[in-house]
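You will see two complexes here that share chain A, one where it goes with chain B and one where it goes with chain C.
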Partner chain A sequence: MGEERSTVTIYVMGKAYEVPASLTIMKAMEYIGYRFVRGAGCRAGFCGACATLYRKKGSYKLEAALACQKVVEDGMYIATIPFAPAEKRTYDINKLRPTPNVLLEYYPEIARCLSCNTCTKACPQDLQVMDYVQAAIRGDIEEVARLSFDCLSCGLCAMRCPAEIVPYNVAQLARRLYAKYLAKTSEHLMRRLKEIEEGKFDEELKRLKGLSREELKELYDKREIRV
Partner chain B sequence: MRFAYYPGCTLKTTARNYEDSALASARALGMELLELPRWNCCGTVHALAKDDVMHYLAPIRVLVRVEDMNREGILEGNYRLVTLCAMCYNTLKRANGVVKEDPDRMRKLHDIMEREQPYEGKVEVLHLLELLREMGFEKVAERVERPLRGLRVAPYYGCLLLRPRGFGIDNPDSPRVMEDLIRALGGEVVEFPYRARCCGSYHTVERKDIVAEAAYKILSQAREMGAEIVALACPLCSFNLSERQDEVEREFPGFRKIPVVYFTQLMALAFGLGEDVCGLDQNHVDPRPLLRSKSLI
Partner chain C sequence: MAYPDYMRRSIEVVEETRDSRIGKEFPRMTPEEREEVLREYHPDYREGAKRRLRIGPNKGDLMPHEVADLLEAHPLVTPEEIDLSDIYYDVDVLVIGGGGAGLSAALLATESGVERDRVLLVTKLRLGDSNSKMSQGGIQAADGPDDSPVLHFLDVMGGGHFANDPDLVEVLVKEAPDVIRWHEELGVIYDKNPDGSMVLASGGGTCRRRMHSCKDYTGLEITRVLMDEFRNREIPLAEFTSAVELITDDRGAVAGAVLYNMETEEYYVARAKATILATGGYGRLHIQGFETTNHYGATGDGIVLAYHVGARLRDLDATQYHPTGAAYPEQIVGQLCTEKLRTHGAQPVNRDGELFVHPLEPRDVEAAAIIRECYGRGKGIVTPTGMRGVWLDTPLIDIIHGEGTIERRFAAMLRQYNRFGIDIRKEPILVFPTLHYQNGGVAINVRAETSVPGLFAAGEVSGGVHGKNRLMGNSQLELYVFGRRAGRYAAEYARKTRLGRLTLDHVLRYERWLKEAGIETNRRAPILLPEYRGERVLTHRIRLF
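Now for the complex of A and B:
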């Protein structure tokens, strides 16, 4: 570490605080004394509850991150977004069909996309958000589902989009359509489930349950590893 | 020969027959059209305002992807981008022309696109018809297996392939590229004065009557000059001149429907690539009875 400062200054609600430099935004705010009753969930970068906007002192650039993942930097002005006021349309997935225009029908504002790419730059998951919005415009449901698979629905793309599109909700509809109508059913899974139901593995499981810890260990060490 | 290829949104949905027949025909001529691995909408309509920057983002981004293909080694020093949709062609080509001439606008675009790969201005936007002309129509003729003998075809250009001057693929007053192609395919060309008249474009959404009237004038004149079928290169023109024939029939008694196809469908047919590739079942006014009567399918 040497001469590196062990604390940094961050601004929460415009007020300056000295916090340890190694903390995430979320932990730094708790260090200051904030208690999260909203805008915090898994604390592991998976749930998307802690969407946060920040700007560094002296920079015009508005940045986006998950508070539980982003480590504080000196001069950060922080605003948490505990709830994204984003439009979410109501539909009955059983009554929809995966037609080229269905996404446009429920989210017509996607046609306002100018390809500015602000959404992509806001995404804490590094998804190609603009690319999937564009795929949504041309009705490529499978591509939207593929490109948005790792979306956490944190809402930051929607908060930054100048065309007021709600990319993550469009993507959710696309993934639902994909799963229901386009994804291939996995026959081997159905076969295996049937085998389980018919009790094919009952006897072996029973045998394993009766083994001692040592016997299990030995069995584990000798297991066949197929690559 | 490999080329970067930009399909555009419509070719992936309602104009599949255009794309399928074009890609197959190009392949038959030894051209491989490689779809851009990433692409967005072309921007649809060229922005005319001098201070407009935002509407240039979409087309410029598409051009950056062509340079990306070269950077990634998919293409080697080939910056030519082939288009099919007349609207995509027009929007991409004009945006490309504007930013190359206007460093100020280019700089503003790069400011907005910050942290991204800037556009180096290397791309040349082409329409497939230009590539065919460059290759030579005698070469195209050599590939013909089933000449369109006895088929009287009226080529229709509409606006966006020809105008404005300097951006069009041919002389806007007397174009001949599609005429030359049809002759090379063994068909009979029917020239008609309305071949470069506007189809009514986006009026089709709110003012069907305007489009119906335009379609009536264009198509009945083609018919009068002896055409049996119309060939074109734009999905929107195709919609207005095909689907809107239902309205034309209602509003103009005596109007006789006429099939409208993409020039690439005729090309695939003449190359003997099979009916499936042509997607003739997707054309609103069925061209198959006519083509059957000429023993072309």
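Now for the complex of A and C:
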């Protein structure tokens, strides 16, 4: 395709470079000659290592993206944010209880939320960040867990928040509390754990381990598939 | 980035055959058919892709050139440039790697009698940066009422072509339910039904539904909980710090590592009574030129470090190509399209909208069948950049399970493609096999011990659990089963170990091996990070200051 060969001009920390138009910000920076130590992780949108802020020429708007997922555009001014100096509180999850106040207790600054929604606009995952910060203030742990589940902790919301809240650390605490104290227990898991503890499968596993490759293969080929 | 017209026309054909394919199951291959497609189309069987290693305990073993190149390379450091008397870190347990296995090992070491300050975790990127975090589909554990660890055992062995170490597999399947319990106690949110029972899905090569998931962010959810716990316990951590060589003592036991600050280029000597390799796999070596699903640091450092001290490796002849990597759009080529899509009903179909393989054959068979469709039968679709692929008919998922299923269970996949203007609820996606997993690695026993005293290994860097082919959901499982064991047994080993004099004599021995085998090369390993800089820059670089 002709358009694959076309180029655009981007400004990496203010310096202009011409790069192929089809590249992501990350690959464009490598094309230019950057070798990442910081600012590159999974390269597939799962880890948040490549948080990036950019502004397009002529626009006042500061936009946020993951460098590995965002294709370059002509006139992009790019600043990578490889680290967010954000506060994380420490706690012993076994000693906490999922009370309505626990999130406020560990992260009292959430009460400073101005409801400006800047966090939501900064989220490269398009999460409703402000909504879950509000849910955290209300003590609705389950709602925080649900709304924040796809969070990559990239740091962009925290770096843009005028109230200096670190939404993702609040959400991490909420999710752990939800799983540990609020989610229902799985009966079949508990039953199986007990059976294993009682040694129910030991003899059969021992027998299988003693079989020849051919005998085992025969059992495998004949096993009933119930999915 | 939406599909160009000619691809849209093929999609229309896929749409035309869709109704007739609902509920239709393409027959599974017979054992003979599987062997045939593997032999003829799996990249592992390609003529000239491998060579026999010329040095060390695995001399004579076949492995991909890219791996042999790393093992037949000079160590990065020489003994004369490292002052081993200048000990910067002095610990009982050194954990190298910050993914699922490393995190589990560090947590368990502190629970097994090692004082917090006597543990150190080093990782060359950030804590948690790993393939562990990228896992989408799930983690296996035979806890379903109609399932059992015995059936799980059979699946793992058969999937691995019976080359697995049965003792390791026994431990894997027996401890699987306990791993799920451990995760839940730490605060991992697993997908559950309203009554609290687990949502269980099938996987390629499994005979029961035993895949547990956290939407399609399974690895992310588990890893970040372990990271949070690690930070709460304030276990010492050095990020952006690579292990570039192991250290041995005068008895030949591993006694720590030479570390390297990736930013300041400073080295540190870390003395440790026990050392755990949790460095992950080698996807970023791009075996046979394949794209990869792996994270940036997956450069096979662990097998290199282990081989330098003479640890035995195994099964490195077998590389896993995930059947469904993205083949379009160009920006995400090689990235993972989770197997969970197929467990939920998405079918692989060719350019004429025809089924050609059961969606859930073991990974190596499924991948080979897709390659055959594209290159043997010419029924693939060629992308604008010249890549071939087949369709994965994702809209079937919502048709079969009801609208909203993709949004609920496949948030990551939906978001990934939405970013490039493709709605996987309405349009199929183009896929082709992608380099995914290092099936083999450093040989370990059930205590996660390697063949060299003082050196433990867990996770993708290790070998034996999966034999020649890993099944979906067993790598996540392996991380925690053997990561925890490594932490526990390393702590036990450290308690009764007294280190001798530190040496790098094994580096000299390795140089001797290279010389005796007549290997003349300027390659050096481990490589630490892949090289992706543009050609212009690489041919015009000069070092001036």
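Remarks
Convention: the second predicted complex is superposed on the first by the 183 of 227 C-alpha atoms of A that agree within 3 Å, B and C clash if a C-alpha of one lies under 4 Å from a C-alpha of the other, contacts with A are read in each partner's own complex, and residues count from 1 in each chain.
By our rule, a residue touches a chain if its C-beta (ideal position, glycine included) is under 8 Å from a C-beta of that chain, and two chains touch if they have at least 3 such contacts.
Quick caveat: nothing in here was measured; it's all calculated off a predicted structure.
By the document's definition of touching, of the two partners only chain C reaches A:150; chain B does not. Between chain B and chain C, C contacts the larger number of chain A residues.
In the superposed model, A:27 lies in contact with chain C only, and not with chain B. In the superposition on chain A, A:40 contacts chain C only, with no contact to chain B. In the overlay built on the shared chain, the residue A:69 is in contact with chain C alone; chain B does not reach it.
By the touch criterion defined above, A:7 lies against neither chain B nor chain C after alignment on the C-alpha atoms of chain A.
With the contact threshold set out at the top, not one residue of chain A is in contact with chain B in one structure and with chain C in the other. Interface residues of chain A, counted against chain C in their complex, comprise 1, 4, 22-24, 27, 30-38, 40-47, 49, 69-71, 88, 90-93, 125-126, 145, 149-150, 152-153, 172-173, 175-180, 183-189, 191-193, 196, 201, 204-205, 208-209, 213, 216-217, 219-221, 223-227. Residue ranges of chain B in contact with chain A, taken from their complex: 9, 12-14, 38-41, 43, 54-55, 57-58, 61, 112-113, 115-116. Across the complex, chain C meets chain A through its residues 1, 4, 28, 31, 125-126, 128-129, 133-134, 141-146, 148-151, 153-155, 157-158, 162, 166-167, 170, 173-174, 177-178, 180-181, 184-190, 192, 194-198, 202, 206-209, 214-215, 217, 219-221, 224-225, 228-229, 231-232, 234, 240, 262-263, 293, 295-296, 330-332, 335-336, 360, 384-385, 411-412, 415-416, 419, 529, 531-534, 536-537, 541. Across the interface of their complex, chain B is touched by residues 100, 113-117, 121, 128, 130-131, 134, 137-140 of chain A.
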